[in-house]
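Presented sequentially are two complexes of chain A, the first with chain B as partner and the second with chain C.
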Partner chain A sequence: MTDARARAEERTQLFRDLLKGKTPKRVPYSTAPAMEYVIQYAGYDLEKTLWTLKDLDKIYDKFCAEFLSDTNPVGTYRLPTFYQILGSKAFVMGSGGFMQHPEVVGLLPEEYDEFIASPYDCILNTILPRLYTALDAEPSQKALVLAKAYRAYLDDFGVIAAVRNKMHEKYGYAMLAAGFTIAPFDFIADFPRSFSGISIDIRRRPEKVLEACEAVTPLLVKKGKLPPSVEYGYIMIPLHMAPYMREKDFEKFYWPTFKKLVEELSANGHNCYLFIEQDWMRYLDYLNDLPENTIMRFEFGDPKLVKEKVGKKHIVSGLYPITLLQTGTKEQCVDKAKELMDILAPGGKYWFNYDKSVLTIDKEGRIADNLKAVTEYVYENGKY
Partner chain B sequence: MESKFYLTWEDYKQKFPELEKRPEEAVAPKLQACEDAMFNFIVGLLM
Partner chain C sequence: MNLEALTKAVGELDEEQVLAALKEFVAAGPTEEEAQQVVAACQAGMAIVGDLFEQGEYFVGDLIFAGELLTNAIEILKPVLGGTSSAKIGKIVLGTVAGDLHDIGKNIFKSMAEAAGFEVIDLGIDTPAAAFVEKVREIKPEIVGMSGVLTLALEAMKDTVDALKAAGLRDSVKVIIGGNPVTKEACEQIGADAFTTNAAEGVKICQRWVS
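For the complex of A and B:
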């Protein structure tokens, strides 16, 4: 067995144990940088590289050689070409090359009934042509646009997959399949109705919002499901709106269909991976009610409270503030890692990860230096 | 799923009766995989 294969096997075993709720040999670790940072770190032009993906293997090889991680760092899902072909208003590239999501409205309040009757048809007939302007065209043109966009999507993600495999072969990462879906209320809010639109709707047309969440849930379960043949993997669900809601609204509008989504996906044999954006400390008791071994990556919060309320039943991750990598000294960064590990690692069910991904490089190189120091600390001190 | 844009194998057979003569175990998963890939792409545009 090559070194890389042995490393991959060891790392995969960490996650096999973690996902089943067993204490692994050591704390599993994921590194922080997103593709945008990795491109800049290798000295390449961000915008040009996101369009062409040229030299992506060299770019990642530099990063992977310097930064340890148990999970494969290669990944993204916001690439500009297919969004451009579709005339996207939902995702646009900013002047610095970063993909951004402006506030958009794809569904008007009077169109809720159309959505409730058939969410998929409404998405294709009404929502997409508003948010992806090249689809607002006669049928033949629309079909061609969709075909070109899908071709671009497959081409680009084919390159990503090849680079991912190459890094896996060389550096030996854990083999984990990953799915992706969204909580029903967030789905309605994010693109169809917008943050401000849904906030009005829960007061003016609460029944329609509830019916829409129910109607779209089966689609979101389908979107998230991994094939039954996948033995180990997770379904990522980033959570958006709940911290901005009153608890009684959360309980009525957000929680029931979100819980149903997580329960149905978990019943299929895979762990859900919640990326818990913003501060969910007031909802910890709800989260604890989800199926055992749900992965909960927190952006903010009190680690002691998290461990106490959800850490016995679920897998906790996140909470390490990436801003500290940019502003702190090496000692402060390592102290933070020690503090989190002392609280969260005992008893297992802990995956070291950061509160979010690092996107932008700093001129001084402090992020990279601090990241290396934190990584070294976790690997040296994470053994059970 | 209630939709005129998402076809199951049963829908395909109704729409294209000549498929009845084809080896279902080969054709059905292939067509369904394409259907699901497009479903994931479309729904993914709102994520």
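For the complex of A and C:
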């Protein structure tokens, strides 16, 4: 067995244990940078590289050689080519080259009934042509656009998969299957109705919002399911709207269908991986109610409270503020890692990760230096 | 018209009650002065919304709804408000900074600042530093507000402040920054006068500056 293979096996075992609720040999660790940072770190032009993906293997090789991680750092969700072909309004590139999701409305308030009657048909016929304007065309033209965009998607993610595999062969990362889905209320907010739209709808047409969440849930379960043959894997669910709602609205509109989604996916034998955006400290008791060993990566919050309220039943992650990497000294950064490890690691069920991904590079190189110091600390002190 | 009840209904975000009361008021053919009093009562209701937000009773979604409610209220009152608009307490040039396309927070701040009596000139999203400079030179506001969600917005905010300095305009305005990534340290580094992650608090800071 090569070194890389042995490392991959050791790292995969950490996650097999973690996902099944056993204490692993040491605290599993994921690094912070997103692809945008890695490209800039290697000295390449961000905007151009996101379009062409040229030299992506060299770009990641520099990063992987310098920064340890148990999970494969190669990957991204959003690339410009296929969104451009689709005439996307839902995901667009800002002037600095970063892909973003502006406020968009794919469904008008008076169209709720159409959505509720058949979410799939409504997404296909009404919502997609509004959010992806090149699909607002005659059927033959629409088919061509979709074929072109899908080809670009396969090409781009083919490059990324190849680079991911190459880094895996050389550096040996944990092998985990991953799925992706979204909470029903967040789905209705993010694509059909917008953040502002849904905030108004829950007061003006509450019954329609509830029915729409119910109607779309089976589609989102289907979207998230991993094949039964996958033994170890997780389903990523980034959570969005709850912190911006009152608890009584959350309890009524957000929670029931979200809980159903997580329960159905967990019953299928896989862990859900919640990326818990913003501050959910108000909702920890709800979260604790989810099926055992749900992975909960927090962006904000009090680590002690998190450990106490959900850390016994669930796998806790996140909470390390990436802004500290940019503004703090090495000592402050390592102290923060120590503080989090001391609170969250005891008893297992902990995956060291950052509150979010690092996107931009700093001129002074402080982020990279601090990241290395934190990584080193976690690897040296994370043994159980 | 029971102004106190109106203020309370706006504070409670009771849209049905507010709109019904306003329609009845307009139908009775009020004077412009009476209409201005009603606008003031609605604005006082928005201040209650801001307070409840700061107290953790309301959240961002409720602020968005409050903005929508106020817009509708003013729309109903327009026919009786006549041509005279109420006196403005100051001007704010506002925008989401270069590279960032997020505007929900900016829009909430805008509707609350307008409700508090400011004239807000909104430059939109992904606003280059030069556009801020040009607009400040043109309309001479008391305040510049910069918003952003991505961490890269902090760089762009600094660039914008530097551009205001280079144009000799920095000392003529107060600068406030807002959004998810802003902190005290970032505020100092950027050279802004104030920062907030809370739109209601941001409006209060601006009110202090012009009082």
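General remarks:
In this section, the second predicted complex is superposed on the first by the 384 of 384 C-alpha atoms of A that agree within 3 Å, B and C clash if a C-alpha of one lies under 4 Å from a C-alpha of the other, contacts with A are read in each partner's own complex, and residues count from 1 in each chain.
One rule holds for everything that comes next: a residue touches a chain if its C-beta (ideal position, glycine included) is under 8 Å from a C-beta of that chain, and two chains touch if they have at least 3 such contacts.
Bear in mind that the values here come from a model prediction, so they are computed numbers and not experimental data.
Looking at the shared chain after the overlay, A:D121 reaches chain B, while chain C stays out of its contact range. Once the two complexes are overlaid on the shared chain, A:D156 sits clear of chain B and of chain C alike.
Legend: residue contacts after superposition of the two complexes on their common chain; A:R203 is shown touching chain C, with no touch to chain B. Contacts of A:F180 after superposition on the shared chain: chain B is touched, whereas chain C is not.
When the two complexes are overlaid on their common chain A, residue A:K223 makes contact with chain B while staying clear of chain C.
Of the two partner chains placed by the overlay, only chain B lies in contact with A:Y132; chain C stays clear of it.
Contact with neither chain B nor chain C is seen for A:D355 once the two complexes are overlaid on the shared chain.
Contacts of A:D70 after superposition: neither chain B nor chain C is touched.
Contact residues on chain C toward chain A in their complex (touch as defined above): 13, 15, 57-62, 64-65, 68, 98-104, 107, 125-126, 128, 150-152, 155-156, 181, 183, 185-186.
Chain A meets chain B in the complex at residues 77, 86, 90, 106, 117-118, 120-121, 123-124, 127-128, 131-132, 150, 153, 180-182, 187, 190-192, 218-220, 222-223. Per the touch definition, chain A reaches chain C in the complex via residues 92, 94-96, 98, 100, 102-103, 195-196, 198-200, 202-204, 241, 243-246, 249, 322-323, 326-327, 358-360. Taken in their complex, chain B has these residues touching chain A: 1-6, 38-47.
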